[in-house]
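Next come two complexes, and both contain subunit A; in the first it sits with subunit B, in the second with subunit C.
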Partner chain A sequence: MPIPDVEILNKLGAIMHVALRIPEAEVIPDARIFDDLGAESIDILDIRFRIEEAFGFKIDEGEIMRSIDPDKGFEELKDQFTIGATAAFIRQKLDQLEQGHA
Partner chain B sequence: MNMRRVVISGTGAVTPYGNGIPAYWKGILSGHGAATPITSFDVTSLPTHFAAQVPFSDRELEEFIENKKATKTMSRAARFAAIAANEAVRQGNLDTHALDPWRFGTCVGTGGLGFFDVEYSDKLLEIFLRSVRVEDGKATFDAGQVRRNTLDMVHPLTPLKALQNILTAHIAIQFNARGVCQTVTTACTSAAQAVGEAYRIVRTGAADVVITGGSDSMVNPNGVVAFSAIGVISKNNDEYRTASRPFDNRRDGFMIGEGAAMFVIETLEHCLARGAVPLAEIIGYGSTCDAYRLTDPPPDGRGCIEAMRLALRDAEIDATEVDYINAHGTGTRMNDKTETMAIHTVFGNNAVPPVSSTKSMIGHLVAAAGAVELAACVLALQHQIMPPTINYREPDPDCDLDYVPNEARKAHLETVLTNSFGFGGQNATIVIRKPPL
Partner chain C sequence: MPERHPWLRHVVITGGTRGIGRSIALSVCSSGAHSVLLNYLQNDEAAQETKARCEELGAQCVLHRGNVGSPDEIDRLFDVATEQLGSIDLLVHCAALNSFKPITAIKPNQWDLTVNIAARAFLLCAQRCAPLMERGSIIAVSSLGARRVLENYGAMGPAKAALESIVQYLAVEMAPRGIRVNGITAGLVETESLSKFPAAEQMIEAAKHHTPAGRIGTPGDIARVVHFLAGPDAAWIVGQTLVADGGFSLR
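Here is the complex of A and B:
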C-alpha cells in the first residue's frame, strides 16, 4: 500500500518543525526551504538525515536538487527547492522502491 | 603602551544550583553542597555515582534559549554558555546593536569531551553492537562496518557539536560580535585563561567589549570514565552529599561539576560612557606553565607561585592588599597541599588572607571552573561576604590556612584573587577589586 501524498507532507511538516524549529503550519507546498523557511546549508544535511530515517531510503548528496532539474546548478534551483518539490522527490523515491520490490 | 582599565559590567551563570546568578549566590552562601546522584545514564559499573549537576535536561535548557534552531548544534556546554551569556548581557544593560560590531569580541574557555553526551554515547554503543557478526556461533567484530554505521547512523551535525570553537561562535552570532573570537582549551585552566586573555585584549585596545567566561559539562559517560581512569574524582558514593572536601584531611578527589559563567568586560571608559555600572575591575592576570609533568604539580609549586606573583605585579599591588583568595582547591591530595604551600610562599606565613574553595559546593566545573569561581569573587566583592569551604571537618597538617570553614563570612573586601590550575601544568591567576566609584 503506497504512502499517500498527504502523509508525505505531514511527515515533512514534522521534519521541518524539528530541523528548522518552525511551526508545522508554515510548511506548505509552495514554501521555499531556504528563503521562506530560513534554512542554512547545514540544515539541509539535517533534513536529509531525517528524511532518510522517516522514509527508510538513502539519499545521495545533491540528489534532491537533481530531481528538480539535473542540468541546473544549486544557485539556479534555490528558489525551486520547495516543500512541494521535496515531497515530489520522496514520492518518486518511494515509487521506485515499490516497483523494485514488485 | 597606554594600558586601559578593564571592568566587568555583566555576569551570568548556569550552575548546579540552577539558572542565574541569584540562584548561584544563594547556593554558595547556603553551605549546602549541590551533589546529586547521576541518573542521566547508568553508572552502576563505574566507581563514582554522583556529581554536581545542572538541574535541567538538554531539552529543558532549550527553553532558556531564544534561537531554538541554533540549539541543534549546541552541546550541553554550549547551551549553558548561551544562557549565561544572555544573562550577562542583560545584567550589564548592554545594547549589543549599539556597539561597533568589529570592536566587540568573544573569548571563551571550554573543554574537549562535552559532546560525548548521553545520546551520542548510546548511539556509539548501538553502532558497535550492529557491527558484530555472528557466524557458526562465533562472534567477530567488523571495524569497517563500524565506520559505515557511524556515517549512516550518527546525525550529520554531530561533528559541529564536537568542535570547541562552535560554542564561542554561537555567542558571537547571537550578539553580532564580529571582533576577536577566541576559544581557549587548557583543561581546568580554560576559563581563567579565557578571561585573562579577554582582559588583555581589552586592556591593550584590540577590542572595547568582550563576552568572556567558560562552560563545560563532563557529567557524561566519557567524562566520568576519563576522570575515573586518571583517578582524580571522589569515589565516596556512600557520603556523596559531603564528598567534596577540599583541604580536609579526609579528601579523596574532586566532585565533577558542570555549568558556565559568562561576563561582559569592557574598558572603564566605555562602560561609563554608556551609563552602565561596573561590578568589579580586573586589575591583574598571570599565566604560567609548570613544564614539569602532565598531572603532577612540581613539589616546589613554582608554576602556581609565579602565576600569582605575575598577577600581583600586573595589578601593581602588594600581596598584603589581597583580602580573599578563591582557591583552585579541588580536593585532590596533591593540589590542595601544593596550592597551600604556594600561597604561603607568595603571601608570607603570617599574611595569608582567608582562602576558600567553592568547589566544595559546586564541584569542579573543569573548563568552566575559573569562570564560576571568578563570578563568586565578583559576588563576594559586591556583597562583602566570603563564600565558605564546606565539608571541612578534619584539618590536614599540610593544609594549614584559614579556609573559611563551613559558613560564609562577612569581611571587608577590596581586592580578591582567584587561582586555576590544569592538567598540562597550566596555571592562571586573576585579581579583581571593587569597581572605581
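Here is the complex of A and C:
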C-alpha cells in the first residue's frame, strides 16, 4: 500500500520541526528550506539522514537538488528547494522502491 | 606479496574512503591486511576508487555506506563485519562531520550530528567491535581542537575532547581483554575537508608558519602513527592520545 502524499508531508513536517526547531505549521509545500525555514548547509545533511531513516531509502549527495533540475547548480536551485520539491522527490523514490528500481 | 602483520589481518575503518581514513586503509593494505571494511558517509565514486586501490594491494575490500551517527547504522556496519570479516584486529574511527561555526552559533541538531559522529559513534563501534576481537587495537583519530580553541570548530572541538576521554575509559576496561585503545591528536592535515574551513588558505599558511616542522600534515603522517600504535612496538601504550602535529602545539 503506497504511503499517501499527506503522510509524506506530515513526516517531513515532523523532521523539519526536530531538525530546525520550527513549528510544523510553517512546514508548508511552498516553504523554501534555506530562506524560509532557515536551514544551513550542515542541516541539509541532518535532514537527509532523517529522511533516509523515516522513509527507508538512501539518498545520494545532491540527489534531491538534481531531482528538481539535473542541469542546474546549487545556487540556481536554492529558491526551488522547497518542502513541496522534497516531498515530490520522496514520492518518486518511494514509487521507484515499490517498482523495485531504487 | 607485502609482509603480513597478524595485528592487521582484518581492519574496520569508519570514514575510511577519503582523506586520513583512505590513507590508513591503503597503509594497512600495503602491510598485507587480508580484508578491510570501509565505512563512508557519501561519495560512492571516492569509495569505489579507494576500494579498487585496496584490491590492487591484495586485500579484500568491503564498502559500507552509512551515517555512523545512527546507532542502527553502526549495528548494520558490524553485522557486515561479522559476516564478511569474522574477526577484527584493528578498528580505526576517522568519521567526522563539522559544521564549521563558532560554538555560540551552534544549533542543537548541528551539535548532535557532530558529537554523535565524532564521539558517540566511537563508543558504540568499540562496544560492537570488542566481541569480534581476540586481541587487537582500537584507535580514534582526534584533532588539536580537543585541547586548544580553534576558530569555527565550535561543535567539533568539544566532540573531539569527548572522544579523547572515551579513549581513556575504554582503554581501562578493555586492556585486560588484550585490546589496546589509543588515540591520535592530529594537527592540521591536508585533506578535502580542510578546504571547507572559512578562509582555509590563510589558515593553512598561518599553520605552516607556526609549525616548527614548517609544513602541515599529510594523511600519510597520520596513517604511519596508526600503524605504529596498532603494532607490537606500541604494546605498552594504553589509553594514550598521541599528538602528531609537527610540533604545532609546542608554541
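The working rule: the second predicted complex is superposed on the first by the 100 of 102 C-alpha atoms of A that agree within 3 Å, B and C clash if a C-alpha of one lies under 4 Å from a C-alpha of the other, contacts with A are read in each partner's own complex, and residues count from 1 in each chain.
Criterion: a contact is a pair of C-beta atoms (placed from the backbone, for glycine too) under 8 Å apart; a residue touches a chain by one contact, two chains touch by 3 or more.
None of these values were measured; they are calculated from a predicted model.
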Margin query: Quick one: is A:L9 in contact with subunit B, with subunit C, with both, or with neither? Answer first, second, both or neither.
Written below: neither
Checklist line | Which of subunit B and subunit C A:D60 touches, first, second, both or neither | finding: second
Next item on the list: Between subunit B and subunit C, point out the one touching more subunit A residues.
Entry: C
Notebook entry, point to check: Given the touch rule stated above, what does A:I83 touch, subunit B (first), subunit C (second), both, or neither?
Noted result: neither
Notebook entry, point to check: Just which bits of subunit A does subunit B share with subunit C as contact spots?
Noted result: 19-21, 42-43, 45-46, 49, 58
Checklist line | Complex contacts: residues of subunit B adjacent to subunit A | finding: 68-69, 71-73, 152, 155-157, 160
Note to self: Residue numbers of subunit C touching subunit A in their complex, please.
What the structure shows: 42-44, 65, 67, 69-70, 72, 97-100, 107-110, 113
Margin query: Using the touch definition from the top, list the residues of subunit A that touch subunit B in their complex.
Written below: 19-21, 38, 42-43, 45-46, 48-49, 58
Item checked: subunit A - residues contacting subunit C, complex -> 18-21, 40, 42-43, 45-46, 49, 52-53, 58, 60-61
